[in-house]
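Chain IDs A, B, C, D, E and F follow the sequence of writing; residue 1 opens each chain.
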Amino acid sequence: MTIAVYPGSFDPIHNGHIDVIRRAARIFDKVIVTIANNEAKSPCFTFAERKELVEKSLEDCPNVEVDTLNGLLIEYVRKREASVIVRGLRAVSDFEYEFQMAMMNRRLNENIETFFLVPSEDHTFISSRLVKEITSLGGNVDSFVPLHVKAKLIEKLLKVKNKTSNTKKG
Amino acid sequence: MTIAVYPGSFDPIHNGHIDVIRRAARIFDKVIVTIANNEAKSPCFTFAERKELVEKSLEDCPNVEVDTLNGLLIEYVRKREASVIVRGLRAVSDFEYEFQMAMMNRRLNENIETFFLVPSEDHTFISSRLVKEITSLGGNVDSFVPLHVKAKLIEKLLKVKNKTSNTKKG
Amino acid sequence: MTIAVYPGSFDPIHNGHIDVIRRAARIFDKVIVTIANNEAKSPCFTFAERKELVEKSLEDCPNVEVDTLNGLLIEYVRKREASVIVRGLRAVSDFEYEFQMAMMNRRLNENIETFFLVPSEDHTFISSRLVKEITSLGGNVDSFVPLHVKAKLIEKLLKVKNKTSNTKKG
Amino acid sequence: MTIAVYPGSFDPIHNGHIDVIRRAARIFDKVIVTIANNEAKSPCFTFAERKELVEKSLEDCPNVEVDTLNGLLIEYVRKREASVIVRGLRAVSDFEYEFQMAMMNRRLNENIETFFLVPSEDHTFISSRLVKEITSLGGNVDSFVPLHVKAKLIEKLLKVKNKTSNTKKG
Amino acid sequence: MTIAVYPGSFDPIHNGHIDVIRRAARIFDKVIVTIANNEAKSPCFTFAERKELVEKSLEDCPNVEVDTLNGLLIEYVRKREASVIVRGLRAVSDFEYEFQMAMMNRRLNENIETFFLVPSEDHTFISSRLVKEITSLGGNVDSFVPLHVKAKLIEKLLKVKNKTSNTKKG
Amino acid sequence: MTIAVYPGSFDPIHNGHIDVIRRAARIFDKVIVTIANNEAKSPCFTFAERKELVEKSLEDCPNVEVDTLNGLLIEYVRKREASVIVRGLRAVSDFEYEFQMAMMNRRLNENIETFFLVPSEDHTFISSRLVKEITSLGGNVDSFVPLHVKAKLIEKLLKVKNKTSNTKKG
């Protein structure tokens, strides 16, 4: 049985992530989506929110599990008895960073391989950062994220905006 | 009549920006330079200062207008009845980011095109960030920005430095 | 009136080319598609064939003209009283070559600008070389070229193949 | 059972190829190394020679099969009931070409995925072209290819050289 | 006598830096390692700590001097009567940034050249950022930094972690 | 005494090459420009012609020697008691190829370093290929090559053209 781990911040999950996960789940016996619980990065969504959005987006995939990453990725992969790390590649800049990480991880554990996968051409230009920016400026992200993620984005980013405005007025 | 929008932070405007704007103004009937009024990015110059520096740098171009960008770029372009977004390309890293933005914007509005333009070879390596860094370290930026921008850079960055020193001493 | 020139080998024209031409034709008053009549490159299709395929693909665009390029591009652009060269950008490798050409052309004539345009995401990975390779190996190129180009590809590449086989047998 | 196909020219196979194949063979149930039998590319080694060198280099891997590719890769993968194409990524230029191929292949068959793998850092800079060039100039390729490939390289490239010299003298 | 300057943050120095410095020291008569004393970047190690780690790592190189950079690099190089800036190149993203800096520096002083050097393939993927991240997550950085740097990394990053935990509990 | 080797085809030498050689000659005690005598590449200029053009372009540089490369570069460098290979870097695509070559050469001889140098921004987009293409199409290459190289380009490329025309007519 081949287990693959797909790590990320998922702040929030978008159609590009979902596409990569579904493709990996067709190839590997099990795909564990691990969400980095990294406070240092000050994410827009709390860890619990991000996890819920990921779970809902993939609830129809029986061989996909959603989990939490607290420590070193390569250590996590070993503990979960996985042999593969899956990463999406969208652009050259992705590639260089991912290449560096893959080399580092191999140095830390020679038995775990990183496999790269290209998302569908419809999703190569989507990023969580852009999705948040467009939402906060009132743009429509219908074709970039599932509807339940869009709803949460609007709730979160407009709430934040209103709070800020109120503070300023006060 | 073809109207083009050239968006940016212009913190501050430099010779590379000016070169791209002048080239675009020779081709399109009107070029609107829109300055992003984005508080989140904590620019070095206030919005009013950035606008004044842009205006003064282009006061001899009758078909260039300087304006403010508050919301979503693609929405602004539509409202201004423009059909073209102009962007300068200096390097591969520019290209990837710009490519992603152009794809996103096209998805948001299929009728607006992004055109890329290469600045003169004398300006390909200039960036607002480097211009500020060199000024604050006492270097000469004569060949990177117009003289009135240089004067403002010195005023702003030395004022900031002196304030900091005073606060520390105090 | 702004006239743009879109140069290429078009051996043969594919949906990526057509997408760029149609987008340019919405912005500029006239787009001249110039086909390089370069014997040195030993194209798969004769010049007459390539011209016919381009013309048929764009017969519904009234402001698109198809013409021949015999000499230096920048000289041709000047003679045709065009002020813009249009080029499609699909990838970083495109970008570097195109950047070099744009700089060279500007040095040869400062008054002519090169504008870059990104084709639709559906077409970023199409190239004439791949279309020919897939056809010659019996693959289906329906989603990469118009039907009349596909027909010509099959005719040309199977004819060549059969001839080669016959020669060998003979 | 997951079957992966690793296609290439292997003219000749080098340590970078072997590293990627061994890594893939640890993850997938079966890896089919398919050698393109493409006369157009005028390889240095005949198809039979290339196949023998690949087979000998991997004779200790029970789940690696060596086969021939005559037609369209994606068609071959389908016929062999494989669901994965494996490709090595060494550099940005690799990435762009491979990205294009992966997108094309997905358009031709949505059910087959391309997975990219990074060879060991010791092998990222090896290419068949360089190995041939160094051998033909008398350099030592001990750390780039297995010994039996080195022997064949010397035999082939010196034979060719001597023949050429003789012809010239004659 | 040719003097070269190798500038950096060295937060902390790693094997990739050391490799580049040793290679440069074999070619140039003197190599001055200048550590940027830049408070703005909020480094993990204090300036004194970074300097000590660099000095200890290179104490066996008689023609390597360790010094402090307070102002503009190009001004420092001139004052030290050096004619060469040495920089390591690991990846395309490095290259673009370094290219821009080299062009800028040449514009500021035409008599000083930037030379780029590739670190050993064992070190191309090491970065100070990754080394800190791995340490703070409990990973082993034995093959990325000298032992005395590793000790300091553990001391510093675990101290910080414990402090943070205590503060939180408190 | 530090000796550097600058290898290339120089078919023909252009201002970008000359700029890199002059910069290297200011830093190293001696720069040997080695011209690859590679028949396989079917150069436009004969070896003797290329050598003469290089020599004339650098006759005012006392510490530059022009020589011939027949075998493996790294072997040549060792025989000439040089410790440095100098290469110009103009673009990302250059970088990747050069990176690969530098790694290969280091593997073949650990004691020889490759140093990369950026040509002046006026020359980053010049290539021998483009210079030949522009000349053969009647364009002016005054700002890309010295006058004596331009004269030889015209003589060679028009002679070739006329011959071809004559042959065809005949």
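Just so it is clear, a contact is a pair of C-beta atoms (placed from the backbone, for glycine too) under 8 Å apart; a residue touches a chain by one contact, two chains touch by 3 or more.
For clarity, every value in this text was computed on a predicted model and none was experimentally measured.
Asker: Decide which interface, C-F or D-E, involves more C-beta pairs in contact, and give its chain pair.
Answerer: Contact tally favours C-F.
Asker: What is the chain whose Cα centroid lies farthest from the Cα centroid of subunit E?
Answerer: Centre of mass proxy via C-alpha means gives C as farthest from subunit E.
Asker: Over half shared numbers or under half: where do the identical copies subunit A and subunit E land at their interface, same or different?
Answerer: Comparing the two copies, subunit A and subunit E contact each other through largely different residue numbers, since under half are shared.
Asker: What angle, rounded to the nearest 5°, describes the rotation that places the Cα atoms of subunit B on subunit F?
Answerer: 180
Asker: What whole-number Å value describes the gap between the mean CA coordinates of subunit A and subunit C?
Answerer: It comes to 39 Å between the two C-alpha centres.
Asker: Taking the mean of the CA coordinates per chain, how far is subunit D from subunit F in Å?
Answerer: Between these chains, centre-to-centre, one finds 32 Å.
Asker: When the centre of a chain is set as the mean of its C-alpha atoms, what distance in Å lies between subunit B and subunit D?
Answerer: Using C-alpha averages as centres, the distance is 48 Å.
Asker: Enumerate the residues of subunit F that touch no fewer than two other chains.
Answerer: 92-93, 96, 99, 103, 121, 124-125
Asker: What chain-chain pairs meet the touch criterion?
Answerer: Those chain pairs satisfying the definition are A-B, A-C, A-D, A-E, B-C, B-E, B-F, C-D, C-F, D-E, D-F, E-F.
Asker: Hey, which residues of subunit F end up touching subunit E in the complex?
Answerer: Residues 2, 23, 26-28, 83-84, 89, 92, 95-96, 99, 102-103, 106, 111, 113-118, 120-121.
Asker: Of all residues in subunit B, which touch subunit A in the complex?
Answerer: Going by the criterion above, the answer is residues 71-72, 74-75, 92-93, 96-97, 99-101, 103-104, 107-108.
Asker: Using the touch definition up top, name the residues of subunit B that touch subunit E in the complex.
Answerer: So the residues of subunit B touching subunit E come out as 91-93, 124-127, 130, 134, 137-140, 143-144.
Asker: For subunit F, which residues are in contact with subunit B within the complex?
Answerer: On the subunit F side, the touching residues are 92, 121-122, 124-125.
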